[in-house]
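Below are two complexes that have subunit A in common, paired first with subunit B and then with subunit C.
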Partner chain A sequence: MSNNPFPLSSEDLMRAYRTMRTIRDFEERLHVEFAKGDIPGFVHLYAGEEACATGIMMHLTDIDRIASTHRGHGHCIAKGVDVHEMMAEIYGKATGSCRGKGGSMHIADLSKGMMGANGILGAGAPLICGAALASRFRGDRGVGITFFGDGAANQGTVLESMNLAAAWNLPVIFVVENNGYAESTSVEYATAVDSYVDRASGFGMPGVTVDGMDFFAVHEAAGEMIARARDGGGPALLECNVARFFGHFEGDAQTYKAKGENDYNRENRDCLKIFRDRVCDAGAATRHDFALIDLEVASLIDAAVISAKNAALPQARELLTDVYVAY
Partner chain B sequence: MTRKISFKTAINEALDLEMTRDPSVIMLGEDIVGGCGAPGEADAWGGVLGVTKGLYAKHGNRLLDTPLSESAYIGAAIGAAACGMRPVAELMFIDFVGVCFDQIFNQAAKFRYMFGGKARTPVVIRTMVGAGFRAAAQHSQMLTPLFTQLPGLKVICPSNAYDAKGLLIQAIRDDDPVIFCEHKNLYSAECDVPAESYTIPFGEANVVREGKDVTIVSYGLTVHRALDAATTLAQKDRIEADVIDLRTLSPIDWDTVLESVEKTGRLVVVDEANPRCSIATDVAAYVAQHAFGALKAAPQMVTAPHTPVPFSPSLEDLYIPTADAVVAAVGKTIARAKAA
Partner chain C sequence: MPPKVGVIANPISGRDIRRVIAKANSLQIADRANIVVRLLAGLAACGVEDVVMMPERGGLAGHALRQMAQSAVRGNARFPSVSFIEMPVTGTAADSRIAAKAMSAMDVGAIIVLGGDGTHRAVAAECGATPIAGVSTGTNNAFPEIREPTITGYATGLVASGAVPKEIGLKPNKWLEVRIDGGPAEIALVDVALVSQQNLGARALWRTETFRELYVAFADPQLIGMSAIAGLIEPVGRDERHGLMLRLAPASVAPLVVQAPIAPGLVEPIGVEQWRRLPAGQPIAPDLAAGSIALDGERELTFHSRQNVSIRLVENAFDTIDVAAVMRFAATKGLLRERNKACV
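What follows is the complex of A and B.
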């Protein structure tokens, strides 16, 4: 399209929007369904942070691997994990991504290069170093991305992995999704440096902080880092400043946030609105184009919820299967 | 061709054979090459006790010396395994597991189950275990029960060079995470070992001595204490012991243990681990539950005391289960049987 000033094709712009919209609707719907009491366990919603997962994952294919977090739905969707299977997994059903044995915190699809959401904060960083090492041995040019929050950025596993990746020049991108809160504890309280980019320089790797609510900022910074890592240039750190629209987990009253903080963020920092406005203002797409995607995604999420609710529970014998490959 | 080689050489040979056979086998660990980036020769050490010496010369950069960051490199080995490699990571001493346990028990052990059977994690973690090296509380433990507690892990602890080679080759070819425990006081022990490659299946105990009067179950270094005790019992008291070397602790060969106890009616378990929730309590409980009718006396356990490993040689010698303690435990099963 002649009036597209962005470094993405029109198709990719729409693909990015569809991914962000899918994540948003998936999470907003889970918020509603969780309150009804049908969803077991802990659910940590990614709503608000969609531009971060999407801006990064637009640069990846199935040979690239990611290690996610407890707040992993957005990473899964952006990496191409099937939305129906994800929803079924969250409902604990046999048709889920992990046949109902993982749940929200452990959704994985290794065939898509998605090495798992993870209930242990910071645990993905060593694993992704291994994934990157495997890519190097195979010579497949795959890159590893590990996501962690501002809280887990203080885990020893993350810091050890940053040194390992730098010492071995591994193709790994360390992505800090800084939403300002480690559960309820503020980043100002818990972290002594002003910016996590200071950590990168401490380990001899480049680092950049971007507005994680701006898809284009994330996409550009991640693209440079990923291309550099793919070409043997080594690891880097990307700090994305984001806002999470919900609590740490569903049921969190969020009493630690400022009054009106969520409303302010939804009004002024919504990555979907920002994206849509910029693309429309530039004339690269119309409101109507976006509205069509909104409708399409709404029906996808509806269908996913209905099929998850109707799906069978795992059979009792599943309790004992797949502990080992052979035992 | 069979010749006498040490436990340490058998381990080295198994690694060499598998690295030659399968390009997806890589090795990671602290000082496993030794001297990387240092002014002396690369391959200066081959591990702190020289177990991996010479492999770097043959297999080059498929051996990676690591920073002192157990969480990072044990986790990287696990991540690489989940991505199709067959890494063998060396955790220098099992005591160091405290700084990387999450990667082993919450990640490697859980992937297959938690991901609905879609993952496989063929990683081997080789690690030194056991007391007797005057290495004190943080370099001497027998922490095998920490790992047998955990579904998803396989736990191996050989007692001799022949088993060490066959079990390590099996471990590398196995598709599940394996904790491979090497007793540091066995490294120089020699026995006949074929030069060629062979495997020993997991879950098959070895009856290393046959007898009708009492069953002595053990693994690792204490198998030799049990054998010493059996010799003494036979010579002094004409008591003939079945001595079972478990070899693999998870999976564990219950059939061989039960079969023996059905024959002898008496059980003594010898375990270098601390006594609570140990291999000893596990075997005793299993036998009590499944062969209660066959028992002529209460099962006895010979273990380390419920203490850390002491440094002073005079104390450490008291810590490690001895052949005399095994003889005394067997005596209790005989005396109680007679009293009844």
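What follows is the complex of A and C.
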């Protein structure tokens, strides 16, 4: 892999692909497993949007915090949360990252800087302002990233947080994952601007739109924003235009989408295909290199599902533990 | 038959990484709509009654129509009637190309373009013999001149109506054509930059250590962007028959260093190894073996060592409305004056 024209090392290129492949396989497998009825609660799948989480998280370490959404599996995996623990959590098992009491929409791992998926739309934005403020007081140069969708972007919490982050010059990156639908409501119907970037300047922060299906576009733009925030340059807004390959939730009939929309996106906008083709065409890796990662990830997901299914449920006596955090 | 004029205002422009790596501004939809209304007022003042616009879903037209309705209620403004081309809206730069092609086929007298170099490039590629008038709204703009849109509307109306002859009102423009392996030509209106990064990433150019070659159709030291580098070395007018080509290098190793404003508020030392005039019509093969090609400041194409790249300066590629010349002619000929009969 000596012929590498990309702004990442060969190892990092493979790491990026492995992360995106892990997210994709995790979600594709959940789509199958959920239909069997063994998984409690709702799941909202991130498949299609992998380049967004991965391109951003490649710039972060455990000191950096993220606040995720109801569609949080991809963020968790890209931030380094253990896949076995995630799968167990979604199955509601005691070996899960939150001991099986959180489920899909509340996966968290503070040791990795993953503050939690969140079932409340737009709720991550104020949390990440607090985390960023804490980082500044600690002087650890940590950066906070909050993800939200095009629907939550219209929530007051998000807009208030943008104001607070700008007023206090907090190291926060607001990431709008614009997949075109707030549940089933189109952006065109519910939002008065065609780009959320237009709102950033109203709060005195820069905003940038990128193709969220292009890992390299996300990676480069996020890298500049994160470095700027880390150096004290203040908050910024990144809009990633993405496509989700599944419905809002598992079981969603997706009647609001155009006929063939998912097929078109899978065929023409698949971030894994785009990444693989670009890296192979440049001679930085071979198809064989990617195939090996595909096999490795498939085994990982298989093992995670088997172990989650076989794990014990939490004990009833655990019901009231871990409810409050001691300060 | 009263003249018809096309307006292409694509709301997608002006949201790239230059807002972070430089101090580029972001013009919001309501401001863009305000520009449209101002140029429509100028068009109406010159007798244009019919304007056809590119449809979009950014709310730009909605804001503009609302502002026009509010002005109409107060009875203090006159505007042409506005219709929209029937076309699918993708929300990308492709919309500008499709609209330009359609407007050209409709035989509009001129197309007014709101946007930066990218939007103008998209329209110029498809407008054929229809002249365009540029209104700058983008960031790294070198091609469209900065001018009050009402005046651009005025001048466009005067040309479209035939009040000002084309020999006076239009001026020809150069462009640069880029081909890879003899494929279809991609164009740039101002500059083609070759950089060693072999990926498109966030598209804008700011990593100066990667700059290797620069080809410009014109170079004005008053402008920003890649062409500013050439403009500070040897200015080249839009009406001159040549361009300029420069070989660039990291500033630490180059014999000459230019402090160039490569983006708004971003002045960087740029190393220049050598430069010479670029003759029109002659294909040039760059020296860089592999990298990416930026058209008017944005990485659009990548190429590797097994591919052949050629760059050619083309004269008389498309016409633009010479607003200054039109207004001077109109003033000299008294086209915008009338006697007040009550005072005669």
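Some observations on this one:
Everything that follows uses one rule, which is that the second predicted complex is superposed on the first by the 321 of 327 C-alpha atoms of A that agree within 3 Å, B and C clash if a C-alpha of one lies under 4 Å from a C-alpha of the other, contacts with A are read in each partner's own complex, and residues count from 1 in each chain.
In this section, contacts are C-beta pairs under 8 Å (C-beta built on N, C-alpha and C of every residue); 3 or more make two chains touch, one makes a residue touch a chain.
Note that the structure is a prediction, hence the values are computed from the model and not measured.
Superimposing the complexes on subunit A yields a three-chain arrangement in which subunit B and subunit C fit side by side. By the touch criterion defined above, A:Ser104 lies against neither subunit B nor subunit C after alignment on the C-alpha atoms of chain A. Applying the stated contact rule after C-alpha superposition, one finds that A:Phe6 touches subunit C and leaves subunit B untouched. In the superposition on chain A, A:Cys129 makes contact with subunit B only, not with subunit C.
Legend: residue contacts after superposition of the two complexes on their common chain; A:Leu164 is shown touching subunit B, with no touch to subunit C. When both complexes are overlaid on chain A, the residue A:Gly96 reaches subunit B alone and has no touch with subunit C. In the superposition on chain A, contact is made by A:Val208 with subunit C only, not with subunit B.
Greater residue coverage of subunit A by touch, when subunit B is weighed against subunit C, goes to B. After superposing both complexes on chain A, the closest C-alpha pair between subunit B and subunit C lies 24 Å apart.
Residues common to the contacts of subunit A with subunit B and with subunit C across the two structures: none.
The part of subunit C that touches subunit A in the complex is made up of residues 11-12, 15-17, 19-21, 25-26, 28-29, 56-59, 91, 196-203, 290-291, 302, 304. Of all residues in subunit A, only 65, 67, 96-102, 106, 108-111, 115-116, 118-120, 123, 125-131, 133-135, 137-138, 156-157, 160-161, 163-164, 167-168, 321-327 touch subunit B in the complex they form.
If you check the complex, the residues on subunit A that touch subunit C are 5-7, 188, 192-195, 197-198, 200-202, 206-210, 214, 216-217, 219-221, 224-225, 228, 236, 239, 278, 281-283.
By the touch criterion stated above, subunit B contacts subunit A in their complex at residues 24, 26, 62, 64, 66-67, 69, 71-85, 87, 99, 102-103, 106-107, 110-120, 151-152, 154, 174-176, 203, 251.
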